[in-house]
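What follows is a group of structures, each given as structure tokens.
Each of the next two complexes has chain A plus one more chain, namely chain B in the first and chain C in the second.
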Partner chain A sequence: MSAWRALVRRLDARIAASVLAVMVVACLAAPLYAACVARTDPFMSNIGGSFSEHGVTRDIMQPDDNPLHLGLTPIGPQWHAQYLLGADGQGRDVATRVLYGGRSSLLIAAASAALCMLGASILGICAGYFGGWTDTLISRLLDIFWAVPVYLFAISISIVTISHALRIGPFSIAADNLLLPIGIIATVYLPYAARPIRARARSIARTDYVLAARGYGASHSRVILREVLPNLWDLIVTLAPLVIALTLLAESALSFLSLGVQAPAASWGTIILDGEGLLYRRPAIAIAPGIAIVTVVLCLNVLGDALRAVLDPKAGGRV
Partner chain B sequence: MRSVALRLGQGACVLVGISMLVFAVFFATPGADPTARIAGRGASPQILARIRHDYGFDRALPVQYIRMMDKLFVARDLTSFVDHGERVVPEVFAAAPVTLSLVGGAAIIWVGLSVLIGVVCALWPNGIVDRVLMGLSVLLLSIPVFWLGEVVNLVTQSRYHDTMLFSWVPPLGYVPFLQSPSGWFRSLLLPWLVLSSSFAGLYARVLRAELMAASGEDYMRTARAKGLSPLRIMLNHGLRMSWLGFVSLFGLDVAQLIGGGALLTEVVFALPGVGHLTYRALTDLDLPLIMATVLYSAAFVVIANALVDLVYLALDPRLRTGTRHG
Partner chain C sequence: MKPVLDARDVSVRYHLRGRRVLQAVDGVSLSVMPGEALALVGESGCGKSTLGRCLVRLQRPSSGAIAIDGIDIARMSERALRPYRRRMQMVFQDSQAALNPRRTVAASLAAPLLAQGVSRAEAAARVAKLLELVGLPEEAGSRFPHAFSGGQRQRINIARALALDPALVVADEPVAALDVSVQAQIINLFSDLRARLGLAMLFISHDLAVVRQLSDRMAVMYLGSVVEEGPTEALLRMPRHPYTAALMAAVPTRDGAAPAVLAGDVPSPLDPPSGCRFHTRCPFVRERCRSERPALVADVDGRTTACHFPIQS
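Let's look at the complex of A and B:
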């Protein structure tokens, strides 16, 4: 509890947590924004549409300003309730899409981080606690995984799974199911989280209290649950925000390569990809989701640093 | 030396394992059957059968595997399944210099920057300079590299391209060094900066932490007691010990980047490097190209690990007696 109080006392942690909370609430409120403020459907193509502002009706797709007026460009930022950040290549409201995209991005990042931490804890505790050949096998496997460039690894799995619906026995997961990116990203970052957990579990397994518990005849599962896990908890809590930051970056990168979230659903990565084609004319489309990603990842990193400083006072000024 | 040889031997085994794994996964992937791809749309069964026979797809998988390895390493005439007659080995060798130039330059920038930031921060810990620089490092660490690349492109290619500041920026793409050294430099300067940004942030933080941890050690106190200047202590004593963690991190990161991890930077800046090639091979499900790029990438990781071990031995004489720490 003292750690919690120390955390709340830190200004950087307070600011980061509040900004994160605002971002999450804003993204969760996306349907509300779409229905009440922007009054558009973020997923329906709206090329022929128009909107009225101060009683003046304007087309969403404006003719290009070249001499022949060939081609159409979506309107730019209006800084107004409707089309706050302008429209994308299909006439959809960018601000609404960024909020909706945040829902997928944050959901995937959080879920894959949770899955990753769960898997990493199981692997790390098994390897560190049991040692011997279990440890050798798991550690070598993690080493090999870690040696593969993270994004290329994720891309290979996505291509195998996304191009054709994944079938495991009677279960079939469609290509546009969010479970796919969640599983892929969780797998890719397993070694990142498992290695420190293994190291800590290894040192805990050699402590007197674990030996004493074993000496009393406690079973392995009881020792792991009652002795090892409680002493690992602070490490897991410290790692969590950093892992979420990594999974969020990975999700956006995969979606940017159109291998993550599939259309018509949006995520921050896919919106950046949408904006790439219009980058030089309507930069707001690509810039807005990027700022959202940077903000969230920055807050998570600051929060992770603050947690580490609070939970691991020995590290002192370490970042 | 023996440990290095052992490492290389292990690495060779890992390479063989990886190639077999890639091969098995490819043929287990639904829809990856190369016959239909080579034949094209609406091919007759006779043509399909002929192609299957010509390419040897009707043989047992181990035979196919050995034939492919033979073509890749001995005859070096393995051809792509997707682009007819396109040889795979020269393609990888054409892409390698692009990636090597990109990663080499970026590595120099990020090591220099992070050492500078780390040392300055560790000299005046918790001061205003430290706080600002560490804040900057976290920020750099938090920016998605592909987005940063797009923003840089936006500024330098379009908005402000005609101003004095950015008129030197060439169009996206790669200029070979031998064709024009200055063009090579100009085409790579921005990709270098973009690629190195997040690594500079990460390494600066790691280095500062290591230097701070080292500053409590006895030899640092001795050095201070001798009356050496703080800068000399930091450079001669602190950095020397901190290099160890730094080197192992650096070895793995550079190996991953050379092996294709710089993919996003290459895609955004239209550099035809190995990452780009691997990405194309994967999206086309082109097994020969996948095999070549994956093995190339894995080889770099194995070599880098062996090199890191060697550098360890050079940096820390205690390891030479044969007892290994950690």
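Let's look at the complex of A and C:
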């Protein structure tokens, strides 16, 4: 496991992995934060609510400071246990919602990336290993997917499925089911991961050791499992963080367009949407989940680059 | 005694764009008796490797029959073929490319046994014996292919080919990629294995020095077909086909005489010459050679030659 040791030795990989770990743990601890620190419900509208600080009770929604005092503006960041980052348009604690949002964002991103990598591996290996008609069929199908802009594709499927709830035979998937965004995002990124896997599988399928394996009577499934897959792992491991970064961005975009996670549940994308209307007066609402997204995507990219440098000796970099 | 391998009229044709046909192997018949070593000799591109791959059914011939122990495997399905795979194994030229870089040597050696349904325990025991058989230490099993030299890797490849205890090993240029000193070791290993296991072997080579040391009989191929076949010693001492003579003349000698290189290039197998395939380069060409294709004719001394005007001793 020299690759693993080389990875641990890299400072950039260590930092990226630590930051990611802290963010994941923080998001997982969201209920704890809500119950013990912020003492609030992240999903309940709280427009008439108030909170007390240093014995002073204040309304969460403050009257606007325009001459007529029309309308209400949520309080801004308090830098205190309660309402750390202020409240959103419905008086809910933004910090708590960002943590809860992270749970769904990260879950959807990771699950759709896993699904995407699984599907891409199966398609890529079949196309690359068997070649011929199988390859033509799968490759052209992926080309068609690839030809449609990713977000346009995702938005189209989301609109159809979310407005009608998906029914496949006896199975029905409700519009607010997380499986919908997971499946959609995994589908649109299939070609992104399947193409490099196909290319690698194709070159492995033509090696003498695969020929030798056929020569001693190994079945196709045995050859794929024992000869092809072990030589694909490094590629799959390298692709995974980059795919998670892409799926996270796609999830946020879909949620921002109300086509992903459905209210009152939160994701980083929906919180940005919540903050959009208050962008000038309470920018923290949109900026906080924005920073979270940028941090995770940046860390995943750094990690992906480090993995590639460690696993592919030809790519250069420190060893 | 029945031959281990008996190939009759094997042809490989590739259909290319525009209805063109590439005839890589053109009606070759060969047989190998148990324990016998046959060498297949020829220039690169003459179809000897393609033929070798057909004989172990790594590729399906376009026509012809290939009998292993008397059973025709030329058209068999992969499933039906599996038990016959045990009888014939292949050793490749590039020892590095022929071993999976991500599997230990022991795993690579056990793989043929596991694929043929041998239990893990039995396979492990057999792996230890195989390593000993090819002269590698037992601890070599836990290492990966990149930790070995070219010669050692070729030993591993030979061990894998022997794992299923085959009757026939087809070796495609097994020593061509090795240093001369290492070549000698591998050649000795082959001779030793043949003596100990009674293996029949088919060596594919372009190196007449290697062929002389390793084979009992040799077949010379030109443009997809066999032009001359017979006992190695006799053929090398007294070639009858002008092409065999030309191959021998092209070998550099110790006395510094310039090797006589055959004029011209091998004609394209897409558009083979009429009559005798060799007539475009033959120094003794006559009118009959251009129109009429010579058949392989057996002589009383166990040699066959496909030439209208063989060289007389």
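Definition applied: the second predicted complex is superposed on the first by the 316 of 319 C-alpha atoms of A that agree within 3 Å, B and C clash if a C-alpha of one lies under 4 Å from a C-alpha of the other, contacts with A are read in each partner's own complex, and residues count from 1 in each chain.
To be clear about the criterion, a residue touches a chain if its C-beta (ideal position, glycine included) is under 8 Å from a C-beta of that chain, and two chains touch if they have at least 3 such contacts.
In this text, all values refer to a predicted model and were calculated from it rather than measured experimentally.
Bringing the complexes onto one copy of chain A puts chain B beside chain C with no clash. Contact with chain B, but none with chain C, is seen for A:Glu276 once the two complexes are overlaid on the shared chain. By the touch criterion defined above, A:Leu298 lies against chain B but remains apart from chain C after alignment on the C-alpha atoms of chain A.
With both complexes superposed, B is the one of chain B and chain C in contact with more chain A residues.
In the overlay built on the shared chain, the residue A:Ala35 is in contact with neither chain B nor chain C. Of the two partner chains, chain C is the only one that A:Arg226 touches; chain B does not reach it.
Rounded to the nearest 10, the angle at the Cα centre of chain A between the centres of chain B and chain C is 80 degrees. Contact with chain C, but none with chain B, is seen for A:Arg214 once the two complexes are overlaid on the shared chain.
Of the two partner chains placed around the shared chain by superposition, chain B is the only one that A:Ala286 touches, whereas chain C remains out of contact. When the two complexes are overlaid on their common chain A, residue A:Ala174 makes contact with neither chain B nor chain C. After the two structures are overlaid on chain A, the closest C-alpha atoms of chain B and chain C sit 14 Å apart.
Across the superposed pair, chain B and chain C touch chain A at no common residue.
Only residues 56, 58, 81-83, 85-86, 89-90, 92, 94, 97-103, 108, 111-112, 115-116, 157, 160, 163-164 of chain C touch chain A when the two sit together in their complex.
For chain A in complex with chain B, the touching residues are 144, 146-152, 155-156, 159-160, 163-164, 245, 249, 252-253, 256-257, 272, 275-276, 279-280, 283, 286-287, 290, 293-294, 297-298, 301-302, 305, 315-319.
Remark: chain B residues 14, 18, 25, 29-31, 125-126, 134, 138-139, 141-144, 146-147, 150-151, 153-154, 157-159, 205, 208-209, 212-213, 252, 255-257, 259-261, 263-264, 267, 275, 278-279, 282-283, 285, 297-298, 301, 305 touch chain A in the complex. The touching residues of chain A, counted against chain C in their complex, run 207-209, 211-219, 222, 226-227, 230-231, 233.
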